[in-house]
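Think of it as A, B, C and D in the order they're written, each chain with its own count starting at 1.
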Amino acid sequence: MTTDSPLQIGMVGLGRMGANLVRRLMRDGHRCVVNDIGRDAVQALAQEGATAAFSLKELAAALEPPRNVWLMVPAGAVESTLDELVPLLDADDIVVDGGNSFYRDDIARAGRLAPHGIHYVDCGTSGGVWGLDRGYCLMIGGDEKAVTRLAPVFRTIAPGTGSAEPTPGRTRAGGTAPEGYLHCGPSGAGHFVKMVHNGVEYGMMAAIAEGLSIIRHADAGLSGRTVDAETAPLRDPDAYRYEIDVAEVAEVWRRGSVVGSWLVDLAADALARSPGLDAFTGRVSDSGEGRWTVQAAIDESVPAPVIGAALNQRYASRGLDEFTGKVLSAMRSEFGGHDEKKE
Amino acid sequence: MTTDSPLQIGMVGLGRMGANLVRRLMRDGHRCVVNDIGRDAVQALAQEGATAAFSLKELAAALEPPRNVWLMVPAGAVESTLDELVPLLDADDIVVDGGNSFYRDDIARAGRLAPHGIHYVDCGTSGGVWGLDRGYCLMIGGDEKAVTRLAPVFRTIAPGTGSAEPTPGRTRAGGTAPEGYLHCGPSGAGHFVKMVHNGVEYGMMAAIAEGLSIIRHADAGLSGRTVDAETAPLRDPDAYRYEIDVAEVAEVWRRGSVVGSWLVDLAADALARSPGLDAFTGRVSDSGEGRWTVQAAIDESVPAPVIGAALNQRYASRGLDEFTGKVLSAMRSEFGGHDEKKE
Amino acid sequence: MTTDSPLQIGMVGLGRMGANLVRRLMRDGHRCVVNDIGRDAVQALAQEGATAAFSLKELAAALEPPRNVWLMVPAGAVESTLDELVPLLDADDIVVDGGNSFYRDDIARAGRLAPHGIHYVDCGTSGGVWGLDRGYCLMIGGDEKAVTRLAPVFRTIAPGTGSAEPTPGRTRAGGTAPEGYLHCGPSGAGHFVKMVHNGVEYGMMAAIAEGLSIIRHADAGLSGRTVDAETAPLRDPDAYRYEIDVAEVAEVWRRGSVVGSWLVDLAADALARSPGLDAFTGRVSDSGEGRWTVQAAIDESVPAPVIGAALNQRYASRGLDEFTGKVLSAMRSEFGGHDEKKE
Amino acid sequence: MTTDSPLQIGMVGLGRMGANLVRRLMRDGHRCVVNDIGRDAVQALAQEGATAAFSLKELAAALEPPRNVWLMVPAGAVESTLDELVPLLDADDIVVDGGNSFYRDDIARAGRLAPHGIHYVDCGTSGGVWGLDRGYCLMIGGDEKAVTRLAPVFRTIAPGTGSAEPTPGRTRAGGTAPEGYLHCGPSGAGHFVKMVHNGVEYGMMAAIAEGLSIIRHADAGLSGRTVDAETAPLRDPDAYRYEIDVAEVAEVWRRGSVVGSWLVDLAADALARSPGLDAFTGRVSDSGEGRWTVQAAIDESVPAPVIGAALNQRYASRGLDEFTGKVLSAMRSEFGGHDEKKE
């Protein structure tokens, strides 16, 4: 990581992501003013070298104009933060929303800030808890001028070219994508690409999880499945007598296979720690981007059966298919006199 | 129901389906010899006019050659029944398998009986507990000669032309389909078509159940959904403030709508009895045909995303997606530090 | 059809649906004032007994207050029709939108008309080109007073109780659902239920179409499938040697089967006219309600894998999966050196 | 790559995979006897240092007992190769099937070779055309003794521990998975795990391809979509006015993102070479493992909606949904008088 011209940047929101962004920025010579609703979080980073700001007012005062402010707050808190922050800013200041906002909100917010001459930059930030060391993949929307001014910051936060082999077929000179950040287009484009990134993530995760589950249940022929009119018998139990070490399968797939990926790395790690994943119940949350991706695909008339199935799978994992199942069992009872199996 | 030439037929298996077939046959003048592993079931039908046979041997003896034997036993019991029955039969006898056998077993069984001159007819029988009065839809496979000989029986069991309006565009003279039974092809063809029928049934049921569930949850904007980083907020709660009577929706769809169907009739009935379907948990069984339909589609390279989704939905309703969900939650925990929500 | 108190009603939009609604209303004694952008359509119905109105102004003038106006225009034309119509109306008049508007537009429009004292009723109308004789299933939203005033009209348009057997388990006294119309809730509720109805329709249609396709391709073992590294061989060709008459299968399913439905009736009719359906290419349109249903399910967090798959299937049938396929083939080429098969 | 004890191994089948395996083995000091139906392929590798065998007889003669023979032939050719090869072998010889055989065939073949004292090892080999340098991920089934004897060969072929970071949570001492090869279980277990690997690959590829397609069509609001009763209008065209460089998105996802993976690397490479992927039509082949994975999931009662959707997507991309689409259009025409749109 090396930066031609260090910048001063104000970070609002010092949760795991925000705090690590500050650390990564300071390591590379940028000066950070930090703010959070929790005083402790502010003080902790102040001890690491940041300038403390216990209010947005203090933050605005501590930043030299033209200011660069990065919001790393929950999507639901962006609007109220802007309400308080915008009056403290001046023309030519930049506000970056680095969280997981819905891209349509970016369009509206950029439009709202434009009359004040304030630039609004939406920045999808991927990398999770590992980003401090690995760097974060940045997908950016907004006007060219603002994005260019922040280039040193993006370059620091992103993983850099050394983090992956060069793409053999790439002949294009220039472009920042090989460094790990990309100006995707006007306002909203960054969060749009990040939204779809998360949709892809849902699908990839689901593929891996289903595959490992199929391997885990390769022993289906060993347990006697109940034979009654309500349960289909396993026709070829001899073909399902494997007791395969799922954790080791995830580990071996990390090297040389076509499915090699960071997600397989993570699955291997989780299974190495706990082969039965006993700490988990299997109720899988979703935090918005997957839904929005499917809804965008529908609007665009682009088939997305796999990402859609992954989303439905998460819903069902949380029992949200209950009434549907009741209607199905009720119809079966009506036409066939089938009693619902209780277990 | 009217039959030119009544036949004598032996019924093996007097469960709900078998007993009602016998009743429907006797009503129309056919003579029935009945057998079951339960003596009570045999005696009950004997009191209604059937000839009792307390063993397959008695059954074979009571039938005048060439015999017509109809098996209405669980799919898993067909093989052993044939083992005992076949030595008691003679050339030109017919065995009908009226249950839900896998069609590939029919091919094997027909091949096994052929050297003895015994005809094997596979007959998919749809109609459930209502068939006694409504009649049963029959999908038949086997050799032409045997199917023709049994025509009076099929005609009695099937609903008959009066049970639905004539198809306006139908110009073909003849054919038994309008009577409610069809010789679909050689051995296995009957159960093949019945198998796919059940696959279609899965998909139709799922569409209805999902739709009613979407209507039931049209009140999603009334309950405050928890707002945290793990749960996507509902963006437009005002658009989901309906409390719609799902039972009445099912009832109104029964008349004049495009989705009008026997399955909607049954859903309306179940919801009329219990709007919350409280007697059901939502764990939906599957009894083989849906699985086989999807596997056949795969073999044939025919896309069947809807029937496949309906099958997976039933599996998931029984919690069989648990390990998949654990892997998903574990990956989320790894990359995002997301704790799994416990409820 | 019998009506206690005939009403006067203005119909705007005399396409197939609108014209047939007028005919059905007049048959039952209601007086109709008719308007359309096409003079011919107006004159045709005037000759059948309706009062001609060649403008909305004429229509408003010809209706006795309080007026009842029914819009049967494309969803995209409702807004401009209202712009012109509303100034011609008075307090206590009722406007019914009988088309396929998005339910959220109903909420907005009802809110816009309310200050004028004009009632806005949204009415989802199912029945297609057959409704003139069969009657139409009506799903209605709006305020109680307006819906009650229009009851004689709804009663005439709907199929009536005689159009289906009574639901055996129904004990509730009253309710209009058995007549074929239902007041589902406040503004938007009618089109919401109609929207989901169409989503259910997508899923049911898909299940039937997939099933018939699986049956049609039961001959997969007869044609030799190319054997190369890019094409999976059929492992059991002997299990797929059936040449089944798909048209007759659809016909036989009409009687006594679990999948019996109006949609199967229609499939049987189409196949009776043309077993190969040669007039069709297989590019399936979608007109909005299916998309909105899936998007609503996502908002509500209700899994709808089957309806979602049916929607994606329609998109893909129109070639909208092309870029997705290109990316897949490109990846295969990259990792395996697989050439894309050209046919 | 370093190997304690070099082995002698016979390679049958010198296509891209087989030839590269030989090269990788020879680089690491193993001695190879090579055979192929094409003489040129044999001679080419002989010039690189292998021992030429122009028949299986020559191959068997050139190998010192106990022999190690590796088959790298199309799945359809394994059976006939074994027919010719087995009589040339002796007790304690090992045959490895390194291709993409169906795992159930392995079980049968191992059973067939066992009476001769010949060991049968099934080895799923992933890595494609890049494996010569990257190494191959090996998933192995068969008896312990044979697998142990071949360990030096597997160690050479696999990528080795250095090819990925160690899994942080891994505490288990030993195990070969971190080296890139794994003995998964008895006969068939190797190809079972490889089969599922490919199923996972289908799902991951589909997720990436769908996501990139959604991004490519983020300009849907720029082109005017036809507005008629058959086409749903785009409600919010302003939200879809992005022209995003899909190739650069794939490139940026390679670094620091959650979806980082070899498949994204390959997609980025393909898009760098040709942003429109114009050399491809979007007809995506499938070569068996994806089908078998879904069928295994069904047998095991494990929901696999995502992998199943990916398989159906490939089928549909090749136009195999045509009859389904025709039935759908025919039903729409029947109930709504909808003409099918021709383009």
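For this structure, a couple of remarks:
By our rule, a contact is a pair of C-beta atoms (placed from the backbone, for glycine too) under 8 Å apart; a residue touches a chain by one contact, two chains touch by 3 or more.
What you see is a predicted model, and the numbers here were worked out from it, not measured in a lab.
Shared contact partners of subunit A and subunit D, listed by label: B, C. Of the two chain pairs shown, A-C and C-D, the one joined by more C-beta contacts is C-D.
With chains reduced to the mean position of their C-alpha atoms, the one farthest from subunit D is C.
A straight line joining the Cα centres of subunit B and subunit C is 28 Å long. Distance between subunit A and subunit C, defined via averaged C-alpha coordinates, is recorded as 38 Å. Our note on geometry: subunit C versus subunit D, Cα centroid distance of 44 Å, whole angstroms.
Residues of subunit B in contact with two or more other chains: 128, 206, 208, 210, 213, 217, 232, 235, 258, 262-263, 269-270, 291, 299, 301-305, 308-309, 312-313, 316, 318, 321, 324, 335. Contact residues of subunit A toward subunit D in the complex are 103-104, 107, 126-128, 131, 134-139, 158-161, 163-165, 167-172, 175-182, 184-186, 188-189, 192-193, 196-204, 206-208, 210-211, 213-215, 217-218, 220, 232, 234-236, 238-240, 242-245, 248-249, 251-265, 268-270, 272-273, 293, 296-297, 299-310, 312-313.
Within the complex formed with subunit A, the subunit B residues making contact are 16, 74, 76, 102, 128-130, 205-206, 208-210, 212-213, 216-217, 227, 229-233, 235, 262-263, 266-267, 269-271, 274, 277, 279-288, 291, 305, 309, 313-314, 316-318, 321-338, 340-343.
Residues 258, 291, 294-295, 298-299, 301-305, 308-309, 311-313, 315-316, 318, 320-321, 324, 335 of subunit B are the ones that touch subunit D when the two sit in their complex.
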